[in-house]
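Each of the next two complexes has chain A plus one other chain: chain B in the first, chain C in the second.
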Partner chain A sequence: MELFFQTLLNGLLQSGLYALVASGLALAVGVVGIVNFAHGEFLMIGAFLAWALSTFLGVDPLVSLPFAALAVFGVGALTYRVSIRHVLLAPELNQMLLTFGLGILLQNLALIWLGGNTRTVTTPYQGSSLSLGELSVGGPKAVAFGLAVLILVALYGVLYRTTLGRQMRAVAQNRRGSQLIGIDVDRVYLLAFGLSCALAAVAGVLVATLLFASPTVGLVFALKAFAIIVMAGLGNLTGVLWASVVLGVSEALVQTYVPGGGGWSDAVFFLLIFVTLVYRSYRGAR
Partner chain B sequence: MNKMLLTGVLLALSGAGAVKVGALLPLSGAGSVTGQAARNGYLLALEEINKAGGVLGKPLEIEFADDGSSPAKAVPEFVKLVTVDKVEFMVGGVSSATSIAVSGPAKQYGTFMAWIGAAAVPVEDAFADHKYFFHYHPWSYYNFEAILDYFKHLRVTKKARNIAIAYEDGPFGSAGINDTVAAFKKAGFNVVMTEKFKTGSGNFGPIVSKAKAARPDIFYWVGYDTDALPLVTEIKQQNLQVGLIYGTPPSWPVGFEKNRLAENVAGLSLWLPSSPNAQSRAFVNAYRKKFGTVTEEYFAPLAYVNLKTLAAAINRAGSTDKDKVAAELAKTNTPTPFGTLTFTPSNKTRYQGFKAGNWLSFQYLGDDRVPVFPLKSAKKTTVWGK
Partner chain C sequence: MEGRALDGSRAVVRRPDVPLRSLLPLGLFFLLALAFPFLPLGERAEYLMQIAFFTLVAGVLALSWDILARSGQVSLAHAAFYGLGAYGFALLGKVMPWFLAMPAAALLAGLISLVLGAVTMRLSGMYFAIATLAFTEVVRTIIQNLPEGAAGGANGLLVPALLGGNARAQYFLAFGILLLTALVSLAIRRSRLHHAFAAIRQGEETARVLGVSVVKYKLLAFFISSVLAALGGVLYAGKTFFINPLETFSLANSIAPLTTSIFGGLYTTLGPILGATVLRVAEEVLHNAIKNGYLVVYGLVLMLSILWLPRGLMGLLRRGKRGGDV
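Up next is the complex of A and B:
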């Protein structure tokens, strides 16, 4: 029984990281209406920033978190200005190809400038944990989970309690109508895309602390984030947390209780995408 | 103007007929630490070879290609080196998966391969009938022999009985896993857990929870450098009480030794810079002079030995004829940083270089990798965590 509860706890803690990555992607899809295949690469930039600040300046990754978020917000805003805004009215395939290409470009720039080595960050709390009886709660993962909940609550607050949020929702619903009532749509898109990249960077800082920084570190998390936003419903921010928990816990259960489950765990998110899409299509047909 | 033209013609003539070697390495991706270490080894060897007169009277040339640690990228890079760059010999080859992928084109073009990595048995199967395949790195069963000897020593000295195994699900980790389990059992150990994982996923929570329930004395993992820190972090966070964490990645993450979570983690290496062997000392000095640092990755001296012995064989053969070079390389009997290198048959291939006797087990103690087994090479005794 202890193994079962520890497994649930492992899944729950892992889901915090997933939710952080997916919340940014959900924002890009929900507000800007663009499927950002380069989302994992913005995470990678955040991870490398945390590593660089820690290694060269001795800055703790948690302290560097707002700086990384701000810097990647800038990178995201710049990316929006020079590329994304030009394809917003283009067919979806063009948008996808653009972000896919951006992802490859960023990954290869990282490879050229930083090399392919795995970089690790050392912190005094890396191996810290809380004991709940026989159960262990990893400190950094608990922080990631708490941060994910806080960020999602804050995002929800921004979207439903502020003028900017109302503008974002209006733009997401009807771009032309929003323009007609005087909303600066371009500014809203820029802020939303920048914010989505900043959220990826926050996840990246935690990934660097928990795992490592490397040019390819974002790919795995971006794939899982896609599964989460599909489960939550494209652009549905409130569904991101529960969908992340479903994915994290499912993976943990498969890893623990399915023979050879470690090899199957990465198939879980494909299975969840498949089941979700089939169920939605079945429900729609009825 | 005339002087420039003459210089150009002379350079072109000196380059004509120069021996070209292709090096296929994982300069990016999961095996990049190993690949870059090997690249430095080749650059050092190249400099020494060309200072000593080159190969067949011309400066030796080396073309590097990045296989990206991916079979899908390795094959076109290999084919390009052989057919477009027209290299006469291939060196490198770190990952087992990429080596299996290039075995088809290698046989198709009859490529001469002096290969430094790829320890998995399926690679041995793939190259069993290739008459120009020289394998420098020990096969995985030789690695395992060395590990088993160490674990048997721990059984006597530390009463180690129970082993938990975690292995990555690619050819590197999976090939021979059943034989590994059987061999541990035959040696009197209880294998209390055997779990696979996806390398680079970083999600070790469930595996460590299972290990905790199984109460092992030794946690043995087979994966890549990307897995090292996430795994030891999870072990620490879940407070898994284990005598020894033992890993066999081809390389360790950059700066891992500085992380306090690395303390007492053990691993396997063909070589350590602290080796007292004269060739090893000479290599360390030459490497430090060229790169300003000391490497702890054994693939650096392995690549160095690889290119030096290949160049020597071509010089002895007096031509680039593959049969003549193979005959000369097969006669190699030379001291190296790893001990004496000779080529003898392995279970399936004709030319196997280093074997079980060359391995060292080390532990991260302080900021260093300290040899702890075999006892003749040990500088400290094993620090046991239970």
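Up next is the complex of A and C:
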């Protein structure tokens, strides 16, 4: 029984990170209407920023977090201006392939520049652990989870309590209607896309402390984020939270209870995508 | 032009005509490819032959991807079928001669593609893309996690060399398979399939209303495309005689055919082959200059094509005149 609860706890902690990546992606999909296949690469940029600041300047990743977020917000906004903006009215396929191309470009630029090795960030609290009764939690994991929760609360606060958030949700619901009542849609898109990238970068900083930074680290997180937003329903921002928990916990269960589960848990997200997509499409909804 | 011919019953559907003149560039390409091994290549002949071999394989992959795309299914699972072909050949090659293992591996991949096609049947756009991307990752995960005795696990697998490792013979085999792919593509272009695929691509509901059996044609596109992609995988495995899951099922193998087709010109026979030639050579040149990240060219070309060259090289060639898609 103790093992079961430990597994649940591990899954829950992992889902905080997933929710962070996925809510960024959901923002891009829901508000801007762009399926950003380069989302994982923005995460990768965040991870490398954390690594670089920690290795060269000795800045703790948790301190560099806001800087990474801000920097990648800028990169995202720039990306929107020079590329995404020009395909907003193009067929969905073109948008998808454009971001896909962007992802490959960023990933390979990182490979050229930094090489394919993984780089780890060392922090003083790396080996620490917290114990909750019978259960124990790694320090960095707990910190990452706490931060993720904090940032998600802030994000949903912005989305539901501020003018900008209302504008974003209005644009998500109806682009033309928002334009008619005087919302500057282009500005909202820019901010939403930038914010989406910044969220990926924050997740990237956490990934750097928990795992490592490498040019390809983003892909698997992006795939899982896709699984999550597909489960939640495209553009459904609140659904992202429970879908992340479903993914995190089911991965943890597979890791614990399936023999040789470490390798198989990477396939869980696929199963969830499939089950949801098939269920949705046969129920008749899009 | 496309799709409009589908307004009637079966009898009314005319066979689309392909003007012979437009086949000329394609014929020229194959003549050049046929002559290539006989050119005085100098001391780097072995290396050049290898590049030429993989250019042909890239052509097979791109054109087979394009055949699937014609039915509106933009797949990111091409690496999966390429890889299944490679693994199928590696495993079957142990128990049967290569000329049997080759079609058997292709058939196996084709059958598996029917499963994926059936499951993703009602998905479109990004849902389809994500599902196919995930499929590739899972096939890789499965092969990686199977016991090592079964498929080599993460370490990979030795493959019997095709045709005893004779470079020239291997080249002609690849040439034959690309020719086969091109012939299949042209046959589709000349048959009712062309109209059916185009109708499904331009509006699945409409196609259904017009009486196109969408399920049948979408699955058929999947099957044809995957069998051909798997043949490409067999060539790859037989040439490198060592395969591992990470490289074989690499995302790059899904990206390359997609980018190549878009860059060359979607829904044409010449376009993907032309695109493969240009991009593969560019990749090779870049690969010599930098070890990591030479795929950067695919990202750049994909973005630039989408933004400025939506009809690809073929669009440039055909600018101003209206010819048939070949």
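Simple rule for what comes next: the second predicted complex is superposed on the first by the 281 of 286 C-alpha atoms of A that agree within 3 Å, B and C clash if a C-alpha of one lies under 4 Å from a C-alpha of the other, contacts with A are read in each partner's own complex, and residues count from 1 in each chain.
The rule is short, and it goes like this: a contact is a pair of C-beta atoms (placed from the backbone, for glycine too) under 8 Å apart; a residue touches a chain by one contact, two chains touch by 3 or more.
All figures in this text were calculated on a predicted structure; none of them were measured in a lab.
Trainee: Kindly say whether there is room for both chain B and chain C on chain A in the superposition, answering fit or clash.
Mentor: Once both complexes are aligned on chain A, chain B and chain C clash.
Trainee: Touch test for A:100: chain B only (first), chain C only (second), both, or neither?
Mentor: Touch status of A:100: second partner only.
Trainee: Determine, under the contact definition given at the top, whether A:226 touches first (chain B), second (chain C), both, or neither.
Mentor: A:226: touches chain C, not chain B.
Trainee: Should A:266 be classified as contacting the first partner (chain B), the second (chain C), both, or neither?
Mentor: Once the two structures are laid over each other on A, A:266 reaches both partners.
Trainee: Check the residue A:35 against both partner chains and state whether it touches chain B (first), chain C (second), both, or neither.
Mentor: Touch status of A:35: second partner only.
Trainee: For A:111, using the defined touch cut-off, is the partner it touches chain B, chain C, both, or neither? Pick first, second, both or neither.
Mentor: A:111 sits against chain B and chain C alike.
Trainee: Taking the superposition as given, does A:185 touch the first partner, chain B, the second, chain C, both, or neither?
Mentor: neither
Trainee: What stretch of chain C clashes with chain B when the complexes are fitted on chain A: 78-86, 132-140, 204-212 or 240-248?
Mentor: That would be 240-248, the only stretch with clashing C-alpha atoms.
Trainee: Hey, what residues of chain A end up touching chain B and chain C alike?
Mentor: 111, 115-116, 215, 260, 263, 266
Trainee: Considering the complex alone, what residue numbers of chain A touch chain C?
Mentor: Listed in rising order, the residues are 35, 83, 86-87, 90, 92-94, 96-98, 100-113, 115-116, 215, 219, 223, 226-227, 230, 260, 263-264, 266-267, 269-270, 273-274, 277-278, 281-282.
Trainee: Given the complex with chain A, which residues does chain C contribute to the contact?
Mentor: Listed in rising order, the residues are 74, 119-123, 125-127, 129-131, 133-135, 137-138, 141-142, 144-145, 251, 255, 258-259, 262, 290, 292-296, 298-303, 306-307, 310.
Trainee: In their complex, what parts of chain A are in touch with chain B?
Mentor: These residues of chain A touch chain B: 2-3, 6-7, 10-11, 13-14, 55, 111, 115-120, 122, 126-129, 131, 136, 138-141, 207, 210-212, 214-217, 220, 251-252, 255-256, 260-263, 265-266.
Trainee: Considering the complex alone, what residue numbers of chain B touch chain A?
Mentor: Residues 26-29, 32-33, 35-36, 69, 166, 169, 195-198, 200-203, 205-207, 209-210, 212-213, 225-226, 229-230, 232-234, 236-239, 253-256, 258-261 of chain B touch chain A in their complex.
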